[in-house]
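When the chains are written out, they are named A, B, C and D in that same order, and each has its own residue count from 1.
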Amino acid sequence: MSSPFTPSDPDFARRVQQSFAAQAIMQTIGARLAEVDVGRVVIELPYATGLTQQDGFVHAGVSATIMDSACGYAAFTLMPADARVLTIEFKTNLLAPAAGDCFRAVGQVRKPGRSVTVAEADLFAVSGDDQKLVATMTGTLMTVLPRD
Amino acid sequence: MSSPFTPSDPDFARRVQQSFAAQAIMQTIGARLAEVDVGRVVIELPYATGLTQQDGFVHAGVSATIMDSACGYAAFTLMPADARVLTIEFKTNLLAPAAGDCFRAVGQVRKPGRSVTVAEADLFAVSGDDQKLVATMTGTLMTVLPRD
Amino acid sequence: MSSPFTPSDPDFARRVQQSFAAQAIMQTIGARLAEVDVGRVVIELPYATGLTQQDGFVHAGVSATIMDSACGYAAFTLMPADARVLTIEFKTNLLAPAAGDCFRAVGQVRKPGRSVTVAEADLFAVSGDDQKLVATMTGTLMTVLPRD
Amino acid sequence: MSSPFTPSDPDFARRVQQSFAAQAIMQTIGARLAEVDVGRVVIELPYATGLTQQDGFVHAGVSATIMDSACGYAAFTLMPADARVLTIEFKTNLLAPAAGDCFRAVGQVRKPGRSVTVAEADLFAVSGDDQKLVATMTGTLMTVLPRD
């Protein structure tokens, strides 16, 4: 897949992997980093009963957790080697109950910027061969540099 | 504290407690239901290293998890006895790093409606006697009735 | 272009045109309905100095006006013949200054629903042959039926 | 009224008035700057048929226009004398039809920041002595300095 964006740090994938590994919440919920491309990151999360709301579906906040990290790391792939990434805000629409064997959060940069980047994520519920869109997110991310 | 709203089910607090107890994610992250009033619910979450992002702060998705439940249950206090509550969408702004001993998500109904209710949550980081606003949320909740 | 959606009212385009014609604000700002397809509506707005903010760009609220109507009418194309459409909420990110000869708001349904529909809009600034994405919107729309 | 914030430029009110006067859209829709305080700005808009959507209510985009400016100028009151203000994003919930003689958008800073400020606005419909909350907004504003 070709990307419309050019990374400023060719070693972006390693930076994303290291930062993701430092997000303890990802181990707590059982999420893993599935794909890292220029401006695009996929996080996968198997269903677990410990992640659910009152009806047995994955809680919207858990969905938001992997979509936020997918957006944040998609933005992070385009940032300089010494940058940190912060979420300024995000908004998510829950389109259908998060029911399935596994969930895929696909984060993609919509508009990179020197200090502010906008990214979007789609969340798919996967059950066997079936894949269904269950949530979307728009996130605004900030690039924080050492001199800031 | 007096509320501008009147609950349609006087037994609303028990309904919220039962539904909260059925949200397995709340046990997973260690959150507890601290207060239930008419149109207002508070959820508390002690800091734990298993909830963090790469810088050691509580992950924005975890913050969103307790704010979303605080908004949802605040709305739920005003719903009929046989209703379920669903989150249509939420938006959160992260104002400061979620650093502290404990976090309090205070959810309050802004505008109740027959089918759609709007609620807001503030997230405070508590450290000793100090309390700091670290995030806000606006959520849109749907009332789902058995006949729907 | 084929649409993944099926309209419940084959006469949807006429309904959209009539409703758009009744939006007096569209005449006030000079917007016109450019395209109406199943689940997709395009609104165009020529630049005018009377639409600007302090730096001479089109005001974000004007951008939001045509994106909101593009989202709302995209949803409206899929609604029953006797339905009205209401905006529950929308969120917009301003990606670049709204500078150009003309603006195109392209609204598309992301997830239709019996009572709640989610739509998205992209706003493009057009200058000669050049087209640039300057804003995005996610909107939540409600179907209001006579019996409601 | 006392404000929790301290302006860096004591001449903030004049800066807001000058910038507001340069927003041509405000004249087009008939809006006026009603109050300017530290971290708080009120914009008023009389009802006019030229501002309406298909049901005769003020269009949500017009409501957003004055709420966005109220948020932006509330943030602007706290910015340095040489700063410009840009809207990064906003989200609005429409709580009730915008019906009334006049509309008051009350914007207030929730969290000021060196580069990013979060503000909120409430929109009230005023009819005689009656005042009703009809919409809310959360906006994220950026401080742009000459050296940026």
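Operating definition for what follows: contacts are C-beta pairs under 8 Å (C-beta built on N, C-alpha and C of every residue); 3 or more make two chains touch, one makes a residue touch a chain.
Every value quoted in this text rests on a predicted model; they were computed, and no experiment measured them.
*Asks:* Across the interfaces B-C and A-C, which one involves more C-beta pairs in contact?
*Replies:* Between B-C and A-C, the larger count of C-beta pairs in contact belongs to A-C.
*Asks:* Farthest chain from chain D, comparing Cα centres?
*Replies:* A
*Asks:* Provide the C-alpha centroid distance between chain B and chain C, rounded to the nearest whole angstrom.
*Replies:* Using C-alpha averages as centres, the distance is 32 Å.
*Asks:* How many angstrom between the C-alpha centroids of chain D and chain C?
*Replies:* Computed from C-alpha means, the inter-chain centre distance equals 23 Å.
*Asks:* How big is the gap, in whole Å, between where the Cα atoms of chain A centre and where those of chain C centre?
*Replies:* Taking the mean C-alpha position of each chain, the two centres sit 28 Å apart.
*Asks:* Which chain B residues sit where two or more other chains touch them?
*Replies:* Each of 88-89, 91, 93, 118, 140 in chain B touches at least two other chains.
*Asks:* Which of the residues in chain B come into contact with chain A in the complex?
*Replies:* The touching residues are 19-20, 22-25, 27-29, 49-55, 59-62, 64-69, 84, 86-94.
*Asks:* Using the touch definition from the top, list the residues of chain D that touch chain A in their complex.
*Replies:* Within the complex, chain D contacts chain A at residues 88-89, 91, 115-116, 118, 140, 142.
*Asks:* Which of the residues in chain D come into contact with chain B in the complex?
*Replies:* 91, 93, 95-96, 110-111, 118, 120, 133, 136, 138, 140
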